[in-house]
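Please read the structure below before turning to the comments.
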Amino acid sequence: MHHHYIDRFAYQDSPIHRLDARAKILAVLVYSTVLISLPRYVIPSAWYAVLPFTMLVWAGVPLRFVAKHTLLVSPFVVCLVAFAPVFDRSLVRLHGTWTVAGGWVAAASILVRFVLGMAALIALASTTRFPDLLRGLRRLGVPHILVLQLQFLYRYLFLLLDQAMHIRQARTARDAGKGPLAWRWRGGAGQIGMLLVRTLEQADRTHMAMLARGYDGTIQMVRPGRWRQHDWAFLLATIVYVTVLRWW
Amino acid sequence: MPEYLLSAEGLSYRYDDGTDALVKVDLGIGPGEKVGLIGPNGSGKSTLLLCLGGLLTGRGAVKLDGRPLTRSDFKASRGQIGLIFQSPDDQLFMPTLEEDLAFGPINQGLDEHAAHERVHQVADRMGLDAMLGRAPHHLSMGQKRNAAIAAVLAMKPTILLMDEPSSNLDPRSRRRLIKVLTDLDTAMLIASHDLALVGCLCRRVMLIDEGRMVADGSTTEILGNAELMESHGLEWWTPR
Amino acid sequence: MLAMHMANELLTPVVALLFMVVSAGVLMLASARVGASFEQDRIPLMGVLGAFVFAAQMINFPILPGTSGHFGGGVLLAILLGPHAATLVMTSILIVQCLIFQDGGLLALGTNVFNLGIVPAYLGYALFRLMAGLRPSGGRLYASVFVATLVGMVAGAAMVPIEVRLSGLFVAPMHKFLLAMIGLHLLVGLGEAIITFLVIGYVVRVRPGLLGPVADRVSAATGKIGLKGVLASFFVVALLLGGVVAHWASEAPDALESITAAEGHQPAMVAANENETISRATAWQERTALLPDYRWTSLSGIAGTALTLAMVWLVGRGLARRRKEAQGVASRE
């Protein structure tokens, strides 16, 4: 099935793509941390956009994709933040004599940070292949078994999403929308049950296939990779950049 | 008595619920020999392959090079008997193709460098070098099929046990598969409904039904025997 | 849609770091536990179950007109795999959602893992084991699953307002936020409890060996929830909800008071006492107020009663329908 939309940018090539995953992960972590360390009523300046958007543009990731994706995951934050002006009625002065209810400023600040944070995260995710991300995480100290779990999850996620979609399609094909709520719940539960059975069978078969190729309970990960000059330079540059922005 | 590479004597297997999947099966496959395994659904083909590969333990003996294999023997000789399952998705479980191909060799104790070499050798042979960095869900069905075979070949088996290798393949991929298998000089036992494939590749065929070995002989004789084939739920076949 | 994943930007570095450290600590322990035992063998199963929960989360359940919830999975995984493995699996799901789908922030992983993984897994599992005991019958099994899931879910959800409050970036009256989260997740939790129970029933029938030691305790029960079970659970949730709504109503909030009362955060720029600014500010206030507070109390009181009545009515209808179905099924058997 067509899952290329998820990974597709990660398989392109650019200087950003070629950076070590660890460097990118750490850079994004540092950036995001500084971003959320800003006080409540401070809206991040436009300079903060430089890091994520440089990465994105240099890596050839279309900004429309970023916008769409950000919009997709924004509902919770937007809903929550919409209440800020309601609850935060303290007064905040902007630019001299202009005063606004603090809630509006806080809302704007959170939203701007959210968009920037998302841009950075997308920059990380669409320039790094998932297996490389995993290797990076492992080298950064994430427990081996968790990384293995991530590996398997990733592998079988798409398979199961396909199956879930097929089951859902089959069910939709027989749903004229007039059934009672309880019946629809039953249908939903049935879908989940079916999916579960297939899950368990898949696990069995995979286990067999692994045994057939000599699996003895441990899986080694191949080729960890080395830091190069570019990676250090990138990370250092990021740290300097955020430090200057934040505290200067 | 010719020296068989892989043989079974009185192999029987019974499921937990009491049904007999295999009943006193005897067979022998010589080095480099390509043998077909046919039979209706539920006849025990898959079970037989699993027993021969040591993933299921039945009664009776399975011998490699004349030596009976115990559970630990099977484990030690993983890779010599290469089991290829029906669905490639079950067999490709690492994040990238390269790691999948390396999985077997590394489990055989090869160091990183040697495993790397094997991976490239086998990828080259199966035409997969461009896909090494890709994730399995980026491969087409035919490529996945080749990848599953490659993953097992990377362990340098002396015999392949294949379960429905041509299922879900379009005609072009199927032809490619036949070519690949023809060029391989490894011994193989191919369980398949695809009689044309069996007819192409195998000089010898075994017919199994209800867990029993019903016939074992030349391909043309067995596949062309309408009465025999039809009485076991199959259709007869002759080469065009 | 209720996406319970927090974004980075609702947190401050200190809070984010605190929860990262706590979650990381628990994860290390859980990893060690799972790695040490024979559970290594279960990795394919864990991976695939993770994918299952992920996929199941995509199925939306209508709760109220306009809102739908989705399946969480923490408690289910804990019952099937034990709390350590369950935490690892939920963490992997959250990481994948963050890194591949960008749902939930990187820094919020600490809090998300805590709310959606650690709390439901450990708390839910403990409650389940406590209540289920040995060889539970259908009714008792359902009750255990129900309580474990509901409490696990709600407790996790209740952490969100706490974390937001600790950070102080988003200012809101804590009580209302807390009540809103609890109320909503009572409903979501009900759905999840039913699904979890059905799924466990399935697993017991299809793959009893999977549950390991739990299987013996669960084998007697099948995946059927009796009429009484459904009725009872609806009732409990309605009751709890009614309580939540009543509590909400009893608070007479003056938003300004609740904020200034607890704040250590004094914004650097606060308007001086200028007459024109105050009147301008008051104008703002009128416009952004939801409902003037004095009207809220009685309205919500009515809303609470209405909600409970509606629930009972729904249940009654559902009951009648089930009776007909049961009769139909019985005659067929």
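A, B and C label the chains in the order they appear, each numbered from 1.
Basically, a contact is a pair of C-beta atoms (placed from the backbone, for glycine too) under 8 Å apart; a residue touches a chain by one contact, two chains touch by 3 or more.
All values derive from a computational prediction rather than experimental measurement.
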Suppose chain centres are the mean of their C-alpha atoms. Which chain sits farthest from chain A? B
Give me the ID of the chain with the smallest distance between its Cα centroid and the all-protein Cα centroid. A
For chain A and chain B, let me know how many angstrom lie between their CA-based centres, rounded off. 41
Could you please state the distance in Å, as a whole number, between where the Cα atoms of chain B are centred and where those of chain C are centred? 48
Whole-angstrom distance, CA centroid of chain A to CA centroid of chain C, is 22
Note the residues in chain B that touch 2 or more other chains, in rising order. 93
Sites on chain C at which at least two other chains make contact: 44
Any chance you could list the residues of chain A touching two or more other chains? 130, 151-152, 154-156, 159, 202, 206, 210, 219
Under the definition above, what is the set of chain C residues touching chain A in their complex? 1-13, 16, 27-28, 31-32, 34-35, 40-41, 43-52, 54-56, 58-59, 61-62, 71, 88-89, 91-93, 95-96, 98-107, 168-173, 191, 194-195, 198-199, 202-203, 206-207, 210, 255-256, 259-260, 265, 267-271, 277, 280-281, 284-285, 288-290, 314, 317-318, 321-322
Contact residues on chain A for chain C in the complex? 6, 28-29, 32-33, 35-37, 39-41, 69-70, 73, 75-77, 80-81, 83-94, 97, 99-103, 106, 109-110, 113-114, 117-118, 121-122, 124-125, 130, 133, 143-146, 148-157, 159-161, 163-164, 168, 180-182, 184-185, 188-189, 191-193, 195-197, 199-200, 202-203, 206-207, 210, 217-219
Chain A-facing residues of chain B, complex: 50, 53, 55, 75, 78-79, 82-83, 85, 87, 89-96, 98-99, 102-104, 106-108, 112, 115, 133-138, 151-152, 155
Under the stated contact criterion, what part of chain A meets chain B in this complex? 3-4, 7, 11, 129-131, 134, 151-152, 154-156, 158-159, 202, 205-206, 208-216, 219-223
